[in-house]
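This is the structure I want to talk about, given as structure tokens.
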Amino acid sequence: MATPILEVTGLYRYFGGLPAVRDVTMRVPAGERRLLLGPNGAGKTTFFNLIAGDYPPSQGEIRIFGQNVTRKSANQRTQLGMARTYQIITLFPKNTLLHNVVISLVGLRDIRFNPWSDLRRQAALWDEARATLALVGLEHLADRTVSETSYGERRRLEIAMALAQKPKLLLLDEPLAGLSADERQDVQRLLQSIPRDVTIVMIEHDMDVALAFADVITVMQHGQVVVEGSRADVVADPKTREVYLGH
Amino acid sequence: MRFSAFNALPRLLVFAALLAMPWLVTSDYYVNIASQIVIAAILALSLNLLIGFGGMISLGHAAYLGVAAYLTIYLTAHAGFGHLTGAVIAIGATTVLAMLFGYLALRASGLGFLMITLALGQILWGVAYRWASLTGGDNGLGGLKRPHPFGLDLNDPIIFYYFVLFFLAIAVWCIARFIQSGLGQSLQGTRDQPRRMRALGYNVWLIQWLSFVFSGFWGAVAGLLYAYYHQFVSPQTLHLTTSAETLLMVIAGGTGTLLGPVVGAALVVILKNVVSAYITRWLILLGVIFVAIVLFMPEGLVPGARRALRALRGSSRTDTVAEASSIAKDGA
Amino acid sequence: MPRFCILLSTTVLAVLALTPAQAAEPLKVGFMTVRSGALAAGGRQMEEGLKLCMDEHHGEMAGRKIDLITADTAGQPAVTKTKAQELVERDGAQVLIGPLAAFEALAIDDYIRQTKTPIISPSAAAEDLTQRKPNPWFVRAVGTSAQAHHPLGEYAAKDLHYKKIAIIADDFAFGHEIAAGFQRTFEENGGKVVQKLWSPLNTAEYGTYITQIDPDVDAVFAAFAGGNGIKFLSEYKNYGMQKPVLGAMTTVDEGILKRMGNEAVGVISAGWYSAAIDTPANKKFVAAVRKAYNADPGYYTVGAYMACQFLNNALEQVKGDISNKEAFMKALRNVNIPESPYGPVKLDKFGQPILDITIRKVEKKDGRLQNVVIKTYPAVSQFWTYGADKFLKSPVYSRDWKPAK
Amino acid sequence: MNFWIIQGLNGLAFGSLLFILASGFSLIFGLMRIVNLSHGAYFMLGAYVGLSAIEAGVNFWIAILIGGGAICILGGVLERFILRRLTGQPLAQVLVTLGIAFIIADTCVWIWTGDPRPVPMPSELTGAFRISHLAFPIYRLFVIGVAFALAATLWFLLERSRLGAMIRAGVDDLPMARAMGIRTSLLFTVVFCLGSALAGAGGVLAGPILSVYPGLDTDMLPLALVVVILGGVGSLLGAFIGSLIIGFIYSYGQALFPDLAYVILFLPMVLVLTLRPTGLFGRQAI
């Protein structure tokens, strides 16, 4: 069996003595679409943040692409080929969409340490950013500032910034949250167009879209994994029902 | 990107005024004041790199001014080094100090960062005060003769003025490039969204540290010129009040702009040195001006004046305004 | 036409040294004081002393009107230099009086040499200004740091018969120099400095230092400047300390003595001046100060007053003609005032006054604290009894001059 | 042995003084996130006002109230008309609070002439308290007592009173406090007045030990910052323990390492902050 893209073993994270993530173990093989489900406060976002490296786990091990990254910083993990979007949108609101994507591109290039070369003159970067925006259908808004765009457009920009980095592992934190029906379809189509060599782990509450999209589903509650399996298995499992209806 | 005439004009005017200055005034005294403004402006610009573009409020920037000045005078006037060697070592060693201070200060952020820089500055002040055998203690260190680079007699106030103005021009140029460079843009990203930047693959700490060192380097250049100008340095140069004054120059002029620190430097230097001859309680006036700036132009004099100008021009030219604002934000 | 007159007076007539014509043109004197910041109190006293002297001469010296231009250095060396430039280059000052602090005087030392501007120091006491780095354009109207404390060391050993003394002093050059001068003569006369405590100039409270004082000493020599004397003495008393205190001139200077209470009574100090000196010249001076400012003159008041008198004396020697700076400087170095608040004053070849040093004791008299004179050492040189050559060859007075035993 | 006792007492007394100085600063920062760089100036102005009151014949205890009251009013006015508009703008806060500090400092030189002035001690507290051959000033013992009483009062105020409940709600989550119907606008003014009053009264109280002089403000401000940062920002307990630690470092440090006297406060601070950037008792990043 090939090395899993993401492998998490016995992961714990405490906040002030309270466990937010408890003994989570998970393997995500290459190309899989994995969905994380669970009620609010189940620890999904904390789990994401642990994988992304925002803070270290209290216990346990994280491997991406077969490499132990438990003690590696967020930016080091990104350099390995991981990208993420945020639940609460964090962009640079005063800059243009294009600029935002360029910043994303620069993150993986040595020019980020260059104190001299004018970023505005790096035509290749700007072209690539424009192409990425085209991918998510935002090229016509490239020169708008983020603050002038709609919520749905920002969501797509979030995804564009992640895709711009050509990740092999993509973490999507509620990419559909707060979107209108039309926008949902746009984003859904966008997600489906992502090639299979990108492994995706996604948190999402919209069951219809998510279930249609996912290969394997993990249900979390109280920081623990409750059920894990294929779509059909999880839907059929009584514990899933308990998690959702019990509350 | 095009630069609109609207946006470039004030800068051109300021630059022309700086160039023509010695011919506009009646006494060498004013030329010397202008030299001091220019030196203070270089220091303020370097601090602005941290504050305006990096969001790191430092209260210890006098460290680089003072250490470079001490080293320059000590090396050239007391340790027998030549002017060029002395200058290179002074700036080099001060930059190395910035590396160390950056390493320590960037352990914290926000108020913690401010306090570490303050504390490091005060430690240097204490060392300068106490290590009298090297620094002359509170009596200070003097005896430096101004150099004659390329046959220029820097004892002539006008030549000296153009000499420091040349350095200001280089500093503005380098800093303007820096702001638009990959590192500069990354720094501005870490200021606005450090966590996001990390997720995008940026080593936030390293970017801040490199910028810190870059800022320290320009602080050292200001220190070198300070030593040439005053030919004397004492612990007061390193004191918290110098750091605070520089911080106030930056904030009053407008953080995150190129012109702001220059205007702020002019304001403080003129009040302290020129206005004090006419108004005994000039310090009250300075305080009142600071309060007034906050009340009427909380973003600082330069951005505030820009805003006022824009308002005067009315809404008929909204497109130009939008562009101007985007450039201003990019770090004009 | 007026321009022609000026031209005439400054060139042709000046060469001929026809003084009456010069009376038309006022002499510009730049005065550097401190009006803002921590040293403002001393600055104000200097202004008062200077004004008194100017008024005494009705704004005229040797027949020339004096045009006094005052500048605030804020007590900062960098500003001091700018202010010197302002006075000399912009306002055309021909003579400077000031500045207040030694580090200010040192900050403009090079500038004074470059511009060859005669300067009279009304307060800066740093030894080297008239010793190892004498500036030909500089004279001082006050004693050096150690000048008054050489006699005090001898007095403590010979007259007070103290054997063991602890020194506590401000940890900066002025304190170092005072302490070293005192220690030198005290130990040469059989005493022993058993402890030296150096408190930073900005020490918040002296409890930590007071409680370290060796309980076996005969007395404590406390050398403080500015307001530190006030803090130290009141704390000293509150800690129940009984050992007698010797002070430096500035520890119980009249400028702060007026703010002290009983804790200061009995402190013996030395100085080149005391408001209680019983001579007609001083009585007249003190009465004038008391009338104008309702306070006894101290270090800064009398320093500035005397600097102004030096100027007057030198101007009279050159009959108001300052166009020949070298000649004026020579006259300034040649100042000889037989009667002054200080007593008789003349200068040595380094530009440093030779002064009567008084040993004073704080007593309550006429409802106020006064430095009552208990002994006078006449005509004391900055080199004490060592002579310039021997003195200048011995180690510089510094913090590490000689460790305590 | 005597050395350790007496320097310990010195440290305790100085730490107490620092707490009186820093408590108001900490209170204001904790709730309002305002770094009030005028705090040192408030302290100095309070001392001057108290001094003038005493010289006008008022008794020492009333003078403390007058000093505190004057600064309380000053702080309230400044909060209402200036600082209020600057929420979340740290740079503007730095500029305006330092500007106000300049104005106050120079005004003090103007009014009180710049002479260093001791604040007279109440006669019942002069002199030294003696046990065997140890002597310690009574006034300092008194200051220690005041600091502990103040700490207890502030603790009670914050933890047990209605005002305290509102302040704590505001510190924890401002929008939530507002939603719960707490008049945060008034709360801010009250807290700022309280913090200012503590500075002013503290100035009078410290006057007999520190005396008043131009520059007292800039001598004291870094100390307040050191205490608050070292203890952990906005934590009253942190400020209290931080004050005592600084007090001990100050007295033992100056006695044991006289050569380090000039840097004795800042060296440990750099060490602590580089090892523990949130301060000794701070929980969150600052």
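Read from first to last, the chains carry the letters A, B, C and D; within each, the first residue is number 1.
FYI, a contact is a pair of C-beta atoms (placed from the backbone, for glycine too) under 8 Å apart; a residue touches a chain by one contact, two chains touch by 3 or more.
Only a predicted model underlies this, so the values are computations on that prediction, with no experimental measurement involved.
Remark: the per-chain Cα centre closest to the mean position of all protein Cα atoms belongs to B. Averaging Cα atoms per chain gives one point for each, and the point farthest from that of chain A is the centre of C.
Centre-to-centre, using mean CA coordinates, chain A is 48 Å away from chain D.
If you average the Cα atoms of chain B and of chain C, the two centres end up 38 Å apart. Inter-chain centre distance (chain A to chain C, centres taken as mean C-alpha positions): 75 Å.
Residue numbers of chain B whose C-beta contacts span two or more other chains: 129-130, 281, 283. Of all residues in chain C, those that touch two or more other chains are 35-37, 171, 200.
Under the contact rule stated at the top, the pairs of chains that touch are A-B, B-C, B-D, C-D. Within the complex formed with chain D, the residues of chain B that make contact are 51, 57, 104, 107-112, 115-116, 118-120, 122-123, 125-127, 129-130, 240-241, 244, 247-248, 251-252, 255, 281, 283-284, 286-291, 293-295, 298.
Within the complex formed with chain D, the chain C residues making contact are 35-41, 43-44, 171, 197-200, 202-205, 207-209, 211-212, 226-227, 230-231, 234-235, 238-241, 255-256, 259-261. The part of chain A that touches chain B in the complex is made up of residues 52-54, 73-76, 78-79, 83-84, 86, 90-92, 94-96, 103-104, 106-109, 111-120, 145, 161, 165. Against chain B, in their complex, chain C makes its touches with residues 35-37, 71-72, 74, 76-79, 81-83, 85-86, 89-90, 102-103, 106-107, 109-111, 114, 126, 171-173, 176, 200-201, 398-399.
Residues 35, 82, 85-86, 89-92, 94-96, 98-107, 110, 218, 222, 225-226, 229, 233, 259, 261-263, 265-267, 269-270, 273-275, 277-279, 285-286 of chain D are the ones that touch chain B when the two sit in their complex.
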